[in-house]
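Below are structures written as structure tokens.
The two complexes that follow have chain A in common; it is paired with chain B in the first and with chain C in the second.
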Partner chain A sequence: MLSVLIRRLFQMLFVMLGISIVVFLIFFATPGADPSSRIAGRNAAPETLLAVRHDFGLDKPLPVQYYLMMKHLFIARDLTSFVNRGQQVIPEVMEATPITLSLVFGAAFFWILGSITIGVVAAATKNSPLDRILMILGLIGISMPVYWLGEVVNLITQARLHDTWVFSWVPPLGYKPLTEDPWGWFKVMVIPWITLAVLYIGIYGRVLRAGIVEANQEDYIRTARSKGLSETRILLRHALRTSLIAFVTLFGLDFGALVGGGALLTEVVFGLQGVGKLTYDALKTLDLPVIMATVVYASFFVVAANAVVDLVYAAIDPRVRLA
Partner chain B sequence: MPDSDTKILLDVRGLSVSFRTERGLVRAVDNISFRIGEREIVGVVGESGSGKTVSLMSVMGLINDPNAVVEGSIVYKGRELHGLSKRALRSIRGREIAMIFQDPMTALTPVYTIGWQICEQLRAHNKMSKRAARQRAVELLDAVGIAHPAVTIDRYPHQLSGGMRQRAFIAMALSCNPSLLIADEPTTALDVTVQAQILELIQRLRRDFGSSIILITHDLGVVAEVADRVMVMYAGRIVERGTTRQIFTQPWHPYTWGLHDSIPPLEGTRLRRLPSIPGSPPSLLSLPPGCAFAPRCRFRFAPCAERPELAGAGGHEAACFIPLEERAGLRAARGRALKEAS
Partner chain C sequence: MTAQMPAAVEPAGTFPAAMERPALGPWARAALKLWSDKAAMAALSLFLLIVLVCLLAPFYASRIAHTDPFTSNIDGEITVNGEQVALLQPSEEGLGLGSTPIGPTWDITNYFLGADTQGRDVMARILYGGRNSLFIAGTSTVICLFFAAIMGLAAGFFGGLVDTLISRVLDVIWAFPIFLLAISLSIVLIAHGIDIGPISITAGSLWLPISIIGIVYIPYVARPVRGQVLSLKESEFVLAATGLGVPSYRILIRDILPNVMTTLIVFVPLMLALNMLTESALSFLSIGVQAPDASWGTIIQDGQDVLYTRSWVAVAPGIAIVLCVLSLNVLGDGVRDALDPRAKLRIR
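And now, the complex of A and B:
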């Protein structure tokens, strides 16, 4: 077990190294993406450009530039922004991380709960009106873009119905740290959680229903029936259990991507200064150090989420367990 | 029919199973009746699609296709099973009547240990503690000839060989001491040496546990080895039945003759080509109104347009219009003709 973990850790480092190099090359070595002209401003004199280039170390060979950037990012931890001079990048990412983590973990809770309920109920009542209704609701959930849904929800809870008893508890947009005000944190986050979860409840509910329906054709379900087990037990302990494998795979991919900044749209709509928002702002100004930092951060979570998925796999499917 | 002095365990009368499809009603099992006596091993033989499995699945109430229609009477130990509530049927399934399936790889849930699955069945039907169930599971695994049962109990299905899996499955089927065991091609997916061991185990079941066994198979060799009586099915009907001896030494129905001919003979000159039954099994959507085998039968004559009833004497019955006294002669002539043709 320990050796597996260590091996995973090395794989993770390797993947992150690769990602950092690719991202670095995309922004530094592709033509037309010269950061110095961006920093120097529009129509800067050639002398200014040269000065800026020298100032930021952009006249050094690429490997040296990469080395310097990684050194500032990981060893000295004092990488500074190109755009807001003197603004340290790492504290910025550190500040954004708990916001994104709060958002994604909370949403994941709702989407796991919601999709398992919907998937199981729909599969158990296959082809009934209830099944049809749930699947149509799922499809609607998938089709609604999160930025639109978020804006509509904001319109209702922040403006139109804010003064009624239903939504008077809704705090203004923004983030409250969990450690300072847990109840405030919950109130601020619960609407973004559900908004972000709607899409995934739709997808995962449908995936799970399909998985259970397929599992119901399997021989071992016939065996379970021939053993005289109750239908509920067959559904939950046999059909659902074996269907969770595809579910976990999907979850790992989506979860990692969301923590890595994929929740950008939700963050923007709800005024949460998370990693997605940070990356987005940095991309607009081509602030390379920030982009580097957030991308490396994101890759860490994507790879880590996949490592966790592999471990969960081993727990739920004995066939992939290492001997 | 079983001998008059053995007690009847299962009495099936007029069982029909049909499926509604887009192209009409498919009669998978067509009005069959049979009885199983206590401590009896009955072989059910027939080719794929002849209704062997479907008829016995319906005995257990395991057909839950919403498009299936089951008719007839299924009396088990004096109790009518057809139309019983789901709950009552559940208490019979697994406890009174157990089933073994063809492929033990796919028939066991892959994510649980075999011990877990055996205990699950034990605890579904008996009030017993986890420890007691585990204890019993170890005993069962031991009884079906699994070495180191206390270790094997914690193995997952994929960690066992095919033969071991089938043994474990049999142990699970036996866990509640069922009076009737339905074995659906239990040896088909196994290699020959393992087949022999499993057949021996099935025979031991009757000896040690006193169970009756219905053995569904398309392998006449398997039937010859273990069964007391044989039922031959064709296109959802029983075409011949009798003791194993009767079916093997003097079969009456031309379809049974065909089945016998398709086994390579152990003696005499080697045939260049193994004779096969001409034609292919009829579509259940468009069965001929008379004898279902008639279109493939070289002895068909005018009466075959009617549907033959099972008739015979001494427990040996066949659904065929050929007069009893002519059957032996016809078969001999047929055998000679086949030999010349090959």
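And now, the complex of A and C:
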């Protein structure tokens, strides 16, 4: 197990290194992305440009620049933005992180709850009208663009039905920190949570139903039934439990991707300044230090989630060999 | 056992009809199964209907609505119920600054869904936008499947260094949040276009989002293909062929490729749906299809400014996306049931 862990760790570092280099190279290969002309301002004199280039170390060879940037990011931790002079990158990411984490954790709560309910009910009532309806609803959830759903939800809760008792409690878009105003935090976040969760409830509900239906044909379910266990117990303790293996795998990957900035569209629609939004804004202004920081941050979560999933998977299911 | 039975005791469950016909091949059987899947066929019809309607966009714009959906028409006036009405009316909200486009007239020949902030016919734009959305989804799916098949086949079949190399590249792409990768590529490329050797794409071309979307999802398909090739390589019929001395390129083409084809076909509707969602999201972030071209994503983006006053501009293209993606997903389920009954493949 230990050697697997160590190998995983190295693999993780390798992938993170690869990603940061790729991003770095994409950036410098981009025409018009020269940071010095942005820093120096419009119509800067050639001398200023040269001075800026020297100050920021942009006249050094690329590998050295990469090394310096990584050093500022990880060791000195004082990497500064190219676009907003003096703005430190790491505090910026740190500020955005709780917003993204609140969004993703809350949504994950709803999607675990929703999808297990839907999956179990649909599997228990297999081929009944209820099962059909749930599966169709799941498919509709998968088929909706999340940003569009967010807009429709905003339209209903912020405008059309905002003056009725149903949605009069909905606060204006934005974020309230959990530590300052927990109830306000909940009220602001609950609608983004549900919006983001809809897609995953659809996917996971369907995966879970398929898993339970498949498990129901296994020998150990027949054994359980012939032992005289109740159907509820068979469903929840035997069939559901095995099906959760696939669920855990999916969950780890999706959770990692969302924490790593994949919730961007939800953040944009609901005006949340999370990591996804930060990355998107930095990309728009081609602010390399911020991009590097968020991408490394994101890839860390994605790769870490991948690794955790593999380990959990191996722990749950001894048949899985780690390749 | 049957030989000892008297011929008169023929089991009741024989299929005389099946005996008369020559046995169907696996493809024909799958097609037959798909054909009898009502939900999948309904979904296919809906999808084809959407494609057809979108293809008729120029006809609709020039013959039915008599409008040009690509030029702004800020000072335009139309006749509604015999009255001349300005397309952009003075805003009724707040300080009365700015203007609000006219809402839906529900008259199919005349600004059916109203105008956008530029005074353009939203209905006509949705049809034209649909052509782009469908075209991008379709072409990027072809690109994605083509390269994914090559990479998956090569990695799985040759193994060794080739496998390590391809798998690591796929790992790196995979470790990016796919969406952020698409976004970074789009932002970097959309303003300047690509100019690498023989490939030259001008900025604002539809081929930029197409190639970006095509590339980022390659690992989704290449990984399962590689896995399948690996297990096929160990299967008895491939071992038998190897034992008979069949050259490896022949095994690849005759034994492995047909099996991989089913996997690829199962992926087609699912990738179409996924690519369509991705395209619309990129366009919504204004880094996909560029003005004056439209796609369903860009129209939703246009409608964001007037979301609370003229909500149809943003809502209608979203409904189009949902219908399209939903039909593709239902069709995808049907295709998977027909070709891969054990449902080993899943898009995520």
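What we mean here is this: the second predicted complex is superposed on the first by the 266 of 323 C-alpha atoms of A that agree within 3 Å, B and C clash if a C-alpha of one lies under 4 Å from a C-alpha of the other, contacts with A are read in each partner's own complex, and residues count from 1 in each chain.
Keep this in mind: contacts are C-beta pairs under 8 Å (C-beta built on N, C-alpha and C of every residue); 3 or more make two chains touch, one makes a residue touch a chain.
Remember, predicted model here, so these are calculated numbers, not experimental data.
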item	value
Partner chain in contact with A:Val207 - chain B first, chain C second, else both or neither	second
Partner chain(s) touched by A:Tyr280 [first = chain B, second = chain C, both, neither]	second
Which superposed partner A:Leu25 touches (first chain B, second chain C, both, neither)	neither
Chain B versus chain C as contact partner of A:Val268, first or second or both or neither	second
Residue contacts on chain A - larger count, chain B or chain C	C
Partner chain in contact with A:Val15 - chain B first, chain C second, else both or neither	second
Touched partner set for A:Ile142, first chain B, second chain C, both or neither	second
First, second, both or neither for A:Ala76, with chain B first and chain C second	neither
Interfacial residue positions of chain A with respect to chain B in the complex	218-220, 222-231, 233, 237-238, 241-242, 316-319
Contact set on chain A toward chain C in their complex	14-16, 18-19, 22-23, 26-27, 30-33, 139-140, 142-145, 147-149, 151-152, 154-155, 158-160, 203, 207, 210, 250, 253-254, 257, 260-262, 264-265, 268, 276, 279-280, 283-284, 286, 291, 295, 298-299, 302-303, 306
Chain C residues within the chain A interface of the complex	168, 171-172, 175-180, 183-185, 187-188, 191-192, 273, 277, 280-281, 284-285, 297, 300, 304, 307-308, 311, 314-315, 318, 321-322, 325-326, 329-330, 343, 346, 348
Touching residues on chain B, where the partner in the complex is chain A	60, 62, 64, 86, 90-95, 98-99, 101, 103, 106-111, 113, 120-121, 124-125, 156, 158, 169, 172
